[in-house]
Amino acid sequence: MTRTRKLENWILTGGSLLAAAIWTFPLYWAFITSIRTEDRVVSDGAGVVPDEFNLSSYVEALFNTKLLTWYWNSIATSVIITLVVLISGMMCAYAISQMRFPGRRLLYGIVLASFMVPSQALVVTQFILMNDMGLINTWAGIILPQLIVPVVIIVYKQFFDAVPKEMREAVVLDGGGDYTLLFKIYLPLNWGITTALAIITFIMSWNQFFWPFLVVTTENMMTIPVGITQVNDAFGVYYARLMSVALLGAMPVAIAYLIFQKKVTEAVMISSGVKG
Amino acid sequence: MITNRRRDVAVAMTLIAPFVLTFALVFLYPTLRMIALSFTDAPLIGEGEWVGLANFKRLLSDRLFFTSLKNNGYFVLLTVVPTTVLALAIALTINRLKGALQSLVLALFFLPYILPVSVVTEIWMWMLDFQFGILQPVFEFFFGKSIPVFKNPYWVMPTVAAVTIWWTNGFNVLLFIAGLRNIPTDFYEAAALDGATRWQMFRRVTWPLLWPVTALVLTLQLILQLKIFDQVYLMSSGGPFNSSYVLLLMVYREAFQLNHGGYASAIALILFVVIMVVSVLQFQLLRARGTK
Amino acid sequence: MAVQLRNVRKAFGTVQVIHDVSMDIASGEFAVFVGPSGCGKSTLLRMIAGLEDTSSGKVSIEDVDVTETEPAKRGVAMVFQSYALYPHLSVYENMAFSLRLRHAPKQEIEEKVREAAGILRLEEQLHKKPSQLSGGQRQRVAIGRAIVRQPKVFLFDEPLSNLDAELRVQMRLELARLHKQIGATMIYVTHDQVEAMTLADKIFVLKDGVVQQTGRPLDLYRNPDNRFVAGFIGSPAMNFLTATVTGREGDQLALRVGDTTFSAQTQEPIATGTIVTIGLRPEHLVISETGLPVKMEMAEELGGLAYLHTRRPEGEEIVVEWRGDEHAVMGETLKLTCPADKIMVFDSEGLRVR
Amino acid sequence: AQEVTWWDFLSGGDGVRMKALIERFNDEHPDITISGTTLEWGVPFYTKVRTSVAVGQGPDVMTYHLSRMPLGLEEEVLDTISEDDLAAAELSKEDFFPASIAAASDEKGALHAVPFDIHSIVLYVNKSYLEGSRFLDGDGNLTGIDNLEDFEEALALAKENGSSAPVSYATGDDGGTYRVFFTLLKQLGGELIVDGEVLPGDNMEKAAKAIEVMTRWHENGWQPEQAEYAASVALFTSGKSAFHMNGVWEVPTMVDMETKDTLGFDWGAVQIPNLMGTTATWADSHAFAIPAGTNMSPEKRKAVMTVIGWMEKNSLAWANAGHIPAYKPVANSDAFKEMEPNATYSSLAETAAYDPRSAIAGVASPVYDAAINIISPAMHGYMDPQQAAEQIKSELQSKLQ
Amino acid sequence: MAVQLRNVRKAFGTVQVIHDVSMDIASGEFAVFVGPSGCGKSTLLRMIAGLEDTSSGKVSIEDVDVTETEPAKRGVAMVFQSYALYPHLSVYENMAFSLRLRHAPKQEIEEKVREAAGILRLEEQLHKKPSQLSGGQRQRVAIGRAIVRQPKVFLFDEPLSNLDAELRVQMRLELARLHKQIGATMIYVTHDQVEAMTLADKIFVLKDGVVQQTGRPLDLYRNPDNRFVAGFIGSPAMNFLTATVTGREGDQLALRVGDTTFSAQTQEPIATGTIVTIGLRPEHLVISETGLPVKMEMAEELGGLAYLHTRRPEGEEIVVEWRGDEHAVMGETLKLTCPADKIMVFDSEGLRVR
């Protein structure tokens, strides 16, 4: 390698590290703010170098708000959404991909079209519907409208399509039916894509703001993203507390991401169809 | 295959039932109801009178509606192409890094994407706070004075756009990286043997081969950014003097603050149609360019 | 009869793929369907398995009409070209799969799998996943999966085509041994005539959904019924030249190709002046002082043996087998002759003139 | 046992004190449990109330601003509170200041909320900027601010002494801007709405004048630019402001910091001085209300009223948050009269200026929208005061039809 | 010398992949690098192209040291195994690509592309996209892209390995013809020894990054330097047996394999009792009354020719070429002999004992 190319590499590496550092600076700053006392936060000369390590605002956030309840709501609804979306999506995709029944093309057409339909535009009537069903302020109310994730069906279908026909025929020759095929063969064969879709669906529903914000009115039913905006339970100056609530809210998924980074990266790529 | 056709269809029905039923309940029915509601003067909850096209006529004279429509367009302009270009640039840089360093840099750029929107807005409102925001000295350096970005009609949309880009850009970076990884190194080696410069490699090899991914990113972004609500609601609530009002915010206000279910549905219907039309159009357009 | 087809036809939509095929495969026989790609071999096999409906005709297995029977109930087992191993299951579970579906007792499953593994020398691999196996081992697992079901008929659809050349030879050997060992009826599909020749008790040569000829391997090589079979069987393929009948002397038919005269041994009467096609196998061509002039183009070297690719001035390519030391180089002209009893004559329809 | 669902919008010092009250109540009443939810103050709170009441998902009892009563009545989100209800809470209308009862009733005199307090804005002072000037008397109390000129002189002085924002208030916030504007308007003798007409006659000039004053403060660099609520408080507590105009509810913040010794300067709180000619200060009341359409059982309703009654009787603790109790027995008690700094500004009760009684006024109403969308931009230089006043008039007038 | 390597080494990290390779390729020569997968052929080729740095040593092209020269300036053109055709460009644009990069005049581009297309018979395809072409056509476009650049040296990295067998033979022919026609220096990488034998003027046999032997194709077949080359060149591969030297008589070395005695023609002295390996090519083995006893396992039929797969009781497999009519059937015992001048002897290091 020539010297200029080496130098270039150094500049590139240094440059991208710097850019990444700048990119993540807001998170760093939020963290620094959160471990300061409120007075320190707004005093002159509170620079970017951490000079205090004070967890009082975290203690406040954890015990003076309903953060723990919101965690529970977020986890429960996200997990249920993920499970239901995956299972129903998988079943539907299997039928579209592997079976012949009247309306199959139409169904897939609808799935493809609903990919483009803005569900946010439906909030008003979805809200009315949830009210008619008495589901305001319930998990079911939070969950139901989030159950339509067409991309899950589209991706599953693509992957099921790619399973060799012989796999199916082998099972048929062995005397297995469609449920055997789906749950004993197609599903285990596509564990990778299932985890990928699960990760994406989970992140999506965990971060959902608009709908839970509408359908939940009581503090006890709020999810994390809604809870942290609805309640500024602090007085006077509350920046440190605000940042600690925000960081605590972001923590679970952020930690999960940092641990399963490769998997998440792959999941995004797969579910957007850029990589199969 | 020799099988029992009728039984097969029955099995298929049980398989599609969960999705189809949910779809009908929370998607199809609300859509139809939205259309029906848009011709009435119903409140959010309760019955209304049939008013024909009155809601739509009213829209035509509602200044806020046109402001919002314009702002939606402005926001799309501010986000879609910039985020695509930025993501591409970042992806190209990251793609040249190796091993652990690559994962690290990628992780840092992707991290904001997994944050809930409210966390993002809380952090940025603090970053940009007029009195204590860490970024105000930067504004002072460049513009000679601090700027209350959420209170200034010229700054508010670009700021919301910038925060949005910061938040969602990691996703696009990933797509571009996946796209770049799909380009065999052979192409670059062949081009190197042919004497291509860096720029020529990008212009003549990378860019055309990346076009499908670029089209995908543009389409996804367009659909996504037309649906802007969360960031605007949380950061500027549509102000100052409505200079960041957007359609979905208007839907929300009419339905949930002012109790105008019918009028809100009319606006939602317009938004619905706009997004469908724009995304289908763009899809066709981009595909056409791709195959050319 | 283990398998019997009677006037079987198959159409996909309006496209007739199998035309009125009847065949008999005896119990214990190793039957091979061979033919070019797309000729309908797989379709035929899949019809026997029940994976494809028959448009008309009758399929019987062990003298029971199974035309309308579900695949699982026909008592056939199939080994796919892609193996179709379940990648998420261990070798053991792959083999046990069909028994589990039938809720066979644990004891029985264990026994049968172990037995099959013994036959296929897979005892050591039972706990592994297919991805940890070599190509040949995977192939054996696929066969093992068939064996445990103790089917009346084994069906193979190009089971070796995914293997590399060396392994293919080895697996052929294994298949032949397996057939000897378990003595079951096997139907084997391939488009590789070497495989067919090597394995078959009986070959069915197919073309465009029609059986061209049936017989023992070397019979087909020596005594093909038509130009298609002659060209298909034998490697490298037979060279074909257009010739004019110039006369007959006893069983020696005189033929002219360009300016060169050949004589071929035939009994059937044929008029002087008829345009026929003659077939000359590369291994029967001799380079001599006189004969058909051709120009050397390239030698395909195998070491002790070379195939010389030559071309007539008229443009037809002729391949000549060469054994010996130095051969002609590119551009040189050679003269070719062939013994009369090795020349085959085909009429304008491609039918053999014997 | 009855569980009473309780919503409030009380944050800051208010929130802490209300939580303490709720806890005390729950301790003292084994048969009733208050389960409280605190929602974001202002538009979000009232939006949620409106939506929840519409879908029958409202709380059993909630805090409500009396300034918003007409709007609340128009939205039909408030249940009436009968004499029997009051009796159940061991209260009667006579226990309250008549003005607040009037504010809590509809045109026909039916009660829709139980007043809890009166709160207004006050002027917080950082004395260190005024030391040695004529604005501090011998006891270190604020003095000598009798008109606008005096006040502006004090501001200039503070600026000279290094205060970066001599008078801080939430200039980038609807509430902060509105309260100061309304105070100034009232001090000018102006009215916002008279007989269904917005800024009639010379009230328009007065509104323009009020905005002009605020604009001048901005132009002279005396008030912070576009300060969010928290920032405006932080400016004062961190010692950057000499004066701070904010609600009494921030008193506990100062008291707490003073006790913890983190404030770093001598502070005081006084009634907003008469700057424009008339003594007047914006004021509002917190009250308890029962959402419409809850169909609660008599037992539940009794429990709810018990909660309200208890809260009223224990409102001395609430006064701790700087408010003046609306319940006369407490307001007239000696204990309250001795409470500091409330005593310093308790005189304002007489000069309190409430929002006009109109469906477009009150917290989270079009009037507040006008503050953030018109007044705040105007004082930051996006339009001139006269224009702004005109726009307020036209904007609000159209909402009234 | 068109291409000259001197003491070239290459390490990836700590792994030495190319060990001290020196080679000379004359102008106009068709050189082939052959060797098993992973032996470093591609790496070597890429070092010549400049796509890979050399860890040490010198690469010269037409007597100019290019070790530090950029790929584009070396005057080489490369045809990749994957073809690396730009899918978004037409055939014409693919071929014109390098000229466009150099901002060649339109006129010149047109001329050169048309000329190359003429040579490769691609005139009809110029407007098509690569995805619309057949495998062979794609291959030709890839070559066309190299031709337009008029390089000093053409580099090919397994250009035919993606094609099916039939097309491969045809494309080999085309490549040979092309080499004749344009007379340029070509370096060709393959792991297929038949391809190497067929195309090369000079073969370099590589193993583990070391050149094993260099020479003309038939020289390598007849006179391999070591066991590796002997086993690698020739198809089917040479049979190897372990033998003990039992004595010598003139140039006849007596060897014993099991109970059978062979005699081999060698000059070099070798001690009695030494354990050696002898190599017997299938085409040289003769079935006779006496000789090495082996058991018949399977016949690989080619029609006129069959390879008999046999096995010694000791377990070693021996392949015998058979030409003639009926051959032994499975299970039969055969006796094998081999003419003395055809037996090759290798010492314990695998080096040839001549």
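Letters A, B, C, D and E mark the chains in the order given here, with residues in each chain numbered from 1 onward.
In this section, contacts are C-beta pairs under 8 Å (C-beta built on N, C-alpha and C of every residue); 3 or more make two chains touch, one makes a residue touch a chain.
Everything numeric in this text was worked out from a predicted model, so none of it was measured.
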Topological distance between chain B and chain D, in contact steps: 1
Co-neighbours of chain E and chain D - touch as defined: B
Label of the chain whose CA centroid is most distant from the centroid of chain E: D
Most distant chain from chain C, judged by the mean position of its C-alpha atoms: D
Chain occupying the middle, per Cα centroid: A
Whole-Å gap separating chain B and chain E, where each centre is the average of the chain's CA atoms: 56
Chain centre separation (chain A, chain B; CA means) in Å: 16
Inter-chain centre distance, chain C versus chain E - centres from mean C-alpha coordinates, in Å: 29
Where chain A and chain D are represented by their mean Cα positions, the distance between them in whole Å: 40
Touching two or more other chains - residues of chain D: 51, 55, 234
For chain B, residues contacting two or more additional chains: 1, 3, 44-45, 129, 131-132, 256
Junction residues of chain A, two or more chains touched: 42, 131, 169, 172, 214, 229, 239
In the complex, chain B residues that touch chain A: 1, 3, 8-9, 11-13, 15-16, 18-20, 22-23, 25-27, 29-31, 33-34, 37, 44-45, 90, 93-94, 96-97, 101, 103-112, 114-119, 121-124, 126-127, 129, 131-132, 134, 166, 171, 174-175, 177-179, 181-182, 213, 216, 220, 223, 226-227, 229-230, 234, 248, 251-252, 255-256, 261, 264-265, 268-269, 271-272, 275-276, 279-280, 283
Chain B-facing residues of chain A, complex: 12-13, 15-17, 19-21, 23-24, 26-27, 29-30, 33, 41-42, 48, 84, 87-89, 91-92, 94-96, 99-102, 104, 107, 110, 114, 116-129, 131, 144-145, 147-148, 153, 169, 172, 177-179, 182, 203, 206-207, 209-210, 214, 224-226, 228-229, 239, 242-243, 245-247, 249-250, 253-254, 257-258, 261-262, 264-265, 268-269, 272-275
Touching residues (chain side chain B, partner chain D) in the complex: 43-46, 129-132, 146, 148, 150-153, 237, 239-242, 256-257, 259
Residues of chain D that touch chain A when the two form their complex: 5, 11-16, 35-40, 44, 48, 51-52, 55, 57-59, 230, 233-234, 237-238, 250, 252-253, 257, 262
Of chain D, residues touching chain B in the complex: 43, 47, 50-51, 54-55, 75, 172, 224-228, 231, 234-235, 372-374, 376-377, 380, 382
